[in-house]
Amino acid sequence: MVVRVGVIGVGMIGEDHVRRLSRVLSGSEVVAVTDVDPARAQEVVGRAPGARLHTSGEDLIGDDDVDGVVVASWGPTHEQFVLACIGAGKPVFCEKPLATSRRSCERIIDAEVAGGRRLVQVGYMRRYDAAYRALKATVVSGSIGAPLMVHCAHRNPSVPPMFTGEMLISDSAVHEMDLSRWLLDEEIVAVRVLEPRRNSRAPERLRDPLLFLFETSGGVLVDVELSANIGYGYDIRCEVVGESGTVSLGDEGELRVVREGVRATRVPRDWRDRFLRAYDVELQAWLDAVAAGGCTGPSAWDGYATAAVADACLEALGTGERCIVTLRERPDLYATAR
Amino acid sequence: MVVRVGVIGVGMIGEDHVRRLSRVLSGSEVVAVTDVDPARAQEVVGRAPGARLHTSGEDLIGDDDVDGVVVASWGPTHEQFVLACIGAGKPVFCEKPLATSRRSCERIIDAEVAGGRRLVQVGYMRRYDAAYRALKATVVSGSIGAPLMVHCAHRNPSVPPMFTGEMLISDSAVHEMDLSRWLLDEEIVAVRVLEPRRNSRAPERLRDPLLFLFETSGGVLVDVELSANIGYGYDIRCEVVGESGTVSLGDEGELRVVREGVRATRVPRDWRDRFLRAYDVELQAWLDAVAAGGCTGPSAWDGYATAAVADACLEALGTGERCIVTLRERPDLYATAR
Amino acid sequence: MVVRVGVIGVGMIGEDHVRRLSRVLSGSEVVAVTDVDPARAQEVVGRAPGARLHTSGEDLIGDDDVDGVVVASWGPTHEQFVLACIGAGKPVFCEKPLATSRRSCERIIDAEVAGGRRLVQVGYMRRYDAAYRALKATVVSGSIGAPLMVHCAHRNPSVPPMFTGEMLISDSAVHEMDLSRWLLDEEIVAVRVLEPRRNSRAPERLRDPLLFLFETSGGVLVDVELSANIGYGYDIRCEVVGESGTVSLGDEGELRVVREGVRATRVPRDWRDRFLRAYDVELQAWLDAVAAGGCTGPSAWDGYATAAVADACLEALGTGERCIVTLRERPDLYATAR
Amino acid sequence: MVVRVGVIGVGMIGEDHVRRLSRVLSGSEVVAVTDVDPARAQEVVGRAPGARLHTSGEDLIGDDDVDGVVVASWGPTHEQFVLACIGAGKPVFCEKPLATSRRSCERIIDAEVAGGRRLVQVGYMRRYDAAYRALKATVVSGSIGAPLMVHCAHRNPSVPPMFTGEMLISDSAVHEMDLSRWLLDEEIVAVRVLEPRRNSRAPERLRDPLLFLFETSGGVLVDVELSANIGYGYDIRCEVVGESGTVSLGDEGELRVVREGVRATRVPRDWRDRFLRAYDVELQAWLDAVAAGGCTGPSAWDGYATAAVADACLEALGTGERCIVTLRERPDLYATAR
């Protein structure tokens, strides 16, 4: 079965999904496109033979030729489009964040639960990275014993001048929030955010780096160094410390060059360089699930729980204090193992 | 454009190509299948909706619905099918070897040259491996200086009992023959094959390991350790030594596990484990070229030149002597940079 | 000049120092030995030709043939022997801890300052480890920018059943306290001690692992994972994160073995396996300084400051709260760059 | 016991041995020095308190205060001094080469055998490198199966303009000759020397790099890349390929720096940077053996066998042909396991 996809929002990430759906993945066809900027949408449609331009997301969602929807528009619009998809009974792949507030996420959960079946997948693409998957498989295998701690680093070469501390939480650290929950299969119950010496390379007024500390329901302690302006490249690290061993992401890359006194391996330039393939795998998994009539992957619950952790981090920011994360009861719809 | 593909031969590798063309790659459809074993072909057709069963390769090649042909049948049949494709003016992707004799390869070259355009791509998939491509890019960049030597190791965990020394050359070392030519953009002009102490784990009478030495037209010396029964895994190494630096394939993998006194990374189990993704990239590149009306990648000339090197190795085997590789003049059709 | 050394306390570490001074290092002679267990002392004297048995540390310190003293006795005795050495104007190398209370350390500082010259070196041997020295040299060089964070792990395969949380601080984490101060050339001004999920392999009632967080006067944040029962080996890690790069201890070791599906490097078994050579370098540096009439290396101030940090950690243990470290004013005697 | 050492020849390496014996190692005293350049000898004596100046090597050897002799003079003088030491019944540590011709080596062997006990140690210091020792221990342990091949690289940043191809053999490759024999405990029975494309950075007329191929009595094949002008640093590699695994020297070093897009480890600058510590261990082992009244380490036989292999390589150079190494019968004196 070929899945006919409509794409809402064709900015950088949305346009890349159109390319991916049209020219990389198997079993999909982009049949509909819309964007808040019609000229932009028109341009993308021009490069996707067979795609039709829609004037609104609701219009696109209502198109009978659309089997599934990709939401890649501006964050504040996610809730309305995801709710519309649920209303139309159509599978929706929503880029992170699921919604911009905890309350919005709850409305989505309520709607999905009322409908009685999962329709929403949230775009936490790191879960589809081969290395992270192998990492989780090792943890689950028990070969390092029960996990006790996780050490993470999330380093960006730089961020734009307007970047705020809030965005370090909601745009960057959010990845480690979701991953910690997924790797450990436990919720995060408390957080701390500490502020090391400020990097003078950071945009003025931005507290960078930050050190996050997450406690899970099982007592695992996760520390996350978030460095947004380290300059040298995009560097993602993760080590799970178990009772009798550890497992960590390799980072040596595919080549080794020796010259001018050093043995060197390359650091990825940016997140595309590191995670591009994960986006392919992620969206193919969504297509395969849609073709099979189901929905898998990160759920609306994952979007909600992560939003709750981010809220607690925002509360903790600047205080050094421990803040509690509270979650509503988990609906049965999301009870299946991730 | 969707490329409609016919597949000749659906043994292990052919069947895998059907899966790849149907469920992994973008822009292809398997419309025709044939195999020397009709039951086998029928079984594969049953899993590829829209594919038709053909009673012979020639029949399949003549089918107007077939835009391009994948030849994955038994080696001795390659020549006839490739020639038939050339005759029909259809692009053909032929698994290695291009043909089982140097003379056969020459007939293919003659036919393709007579037709005046490239239609043949040979399945040297390592050229599509991301690490090898990055390796070549580094060599070409000049950052390690002009290449002087290449050190390779090609290690298999084991080979079946019937494996012969000839097969170590034509099935295994053939990869390093093609890669050396491609990495250095020079032909191999002489070879030696040395026989170290025999591995007692090898099947009886098989000389294993072997050490190959290739000299290129520019004087680069390539040494290749071929170990067919090393047991521990599938391990492919390549280091290019330049005038002022070296570049080599990384081999640390995606994970690092520390337990029981050792830090460990995993060795691939077999060639699938190591090169599976390269097959995807290779065949997608072929599809994209076919859709664009052209043909790229390893050519019939590459198939021929590699066959000539293999012949020289067979001659050298058991003697320890240096054997010369002779090639006919290279037709202009194959003059473009690889 | 040959330095004639007297050794007080010949338990495991003291006996090893006798061996080192007699058979490994240059320019020393062990002339006097004493121990609380006379039989033990007699045994060691028997293996050190030219050494004389003393009935007490004070007696040994007063021996005119003794140029310098090594104190390797039980911690609670350190203060009296170090003070006696200062009183006698003799250089003393004192194994850590300098003394078992902050107040004791202050008395030593007072005595040394009163004497007007440095006589005390404390046995923080990691400062003499080649890798840590190279790490510091890189930090000081400025090539990674100003340091912002330090990530450490200190993992032991196991500890004896009687080990307490206090000992995790005063015997284990004390190394990272001194090293952080030395690497950054800043004092630690506040600490936190967090308790991840407990390792079920740890002796009953021992909270293990712990996560320490140190803040320095310049705002650098140091996190230290202390795992006392990780089983797999002795693993010491340290990464300094600067404004534009990082530097970390290598840990790949001298050999790489590939077999049975893995590439492996060896983890040290214990601290001897990892730091044995650092003890040689440390004590040779002390001998050379003594022969030159001076005293270098970790000072009584370093012993005192570390004791103050340890006190704050003890206060913080079990609370999760931030505790302040207070230090007296630093005497000029200890003002020289470390 | 303090070994009183006389040093013949105090050029760069000899002077360094004087420093080592005086200020680094345990249990030695330099009591006598001589050099073909009396001013040079006088200068060194001035820095070695207690050492006496001798006008000739024979004079020094005859000095009753000299317990053991270090020969670090010009190669062509080695034979006479070593023979004189044997004649005087004194242990002698002779820097490589043992002698400059195979015939000279044989005379030394004859003299030592006639005396009935080993007095000669040859300065193959790599056998005392911790990594090579661990490598050999792994091979001997059987954990990688019986060795079949050895891959070596010996890379120098540069050599002086007057360097000749003969010196690449007798000064550089000689290390791998000795090491191969030691690692495998087998003699080398045949050699080939191949000439890859010439490095344009090499001094004019020098064929550089070279590829050596050694066959041992047990059929193990050793390949050695010798690159004398690779510029980037001093890089020594060795991998032993066994029937079921491999073991190789680690080369990641003690630090890892990440900056400007690369993760880097440092390559040693030169042989001192890489092997300095091995010289300490080597000479301490000699001192300990002398103090114990014996002689261990690389023997006159090792010096002789290596000279024979070097002779065969000289014969093979420029021909590409296989040359046989012939050895006289091995005297019982050298029968003990190495």
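By letter and in written order, the chains are A, B, C and D; residue numbering begins at 1 in each of them.
As a working rule, a contact is a pair of C-beta atoms (placed from the backbone, for glycine too) under 8 Å apart; a residue touches a chain by one contact, two chains touch by 3 or more.
Being a predicted model, the structure only gives us computed values, none of them experimental.
Participant: Between B-C and B-D, name the chain pair that shares the greater number of C-beta pairs in contact.
Facilitator: Of the two interfaces, B-C and B-D, more C-beta pairs touch across B-D.
Participant: Once you find the CA centre of subunit B and the CA centre of subunit D, what distance in Å lies between them?
Facilitator: Result: the chain centres lie 44 Å from each other.
Participant: Just how far, in Å, is the C-alpha centre of subunit D from the one of subunit C?
Facilitator: 38
Participant: Taking each chain's centre as the mean position of its Cα atoms, how many Å separate subunit B from subunit C?
Facilitator: 58
Participant: Enumerate the residues of subunit D that touch no fewer than two other chains.
Facilitator: 231-232, 244-246, 252, 258-260, 265
Participant: Should the pattern of chain-chain touching be classed as line, ring, star, complete or other?
Facilitator: complete
Participant: Where on subunit C does subunit D make contact in their complex?
Facilitator: Within the complex, subunit C contacts subunit D at residues 22-27, 130-131, 134-135, 138, 143-144, 244-250, 252-260, 265.
Participant: Considering the complex alone, what residue numbers of subunit C touch subunit B?
Facilitator: 231-233, 235, 251-252, 258-267, 269
Participant: Can you list the residues on subunit B that touch subunit D in the complex?
Facilitator: 145-149, 151, 153, 194-201, 209, 211, 213, 218-221, 223, 225, 227, 230-232, 241, 243-246, 320, 322
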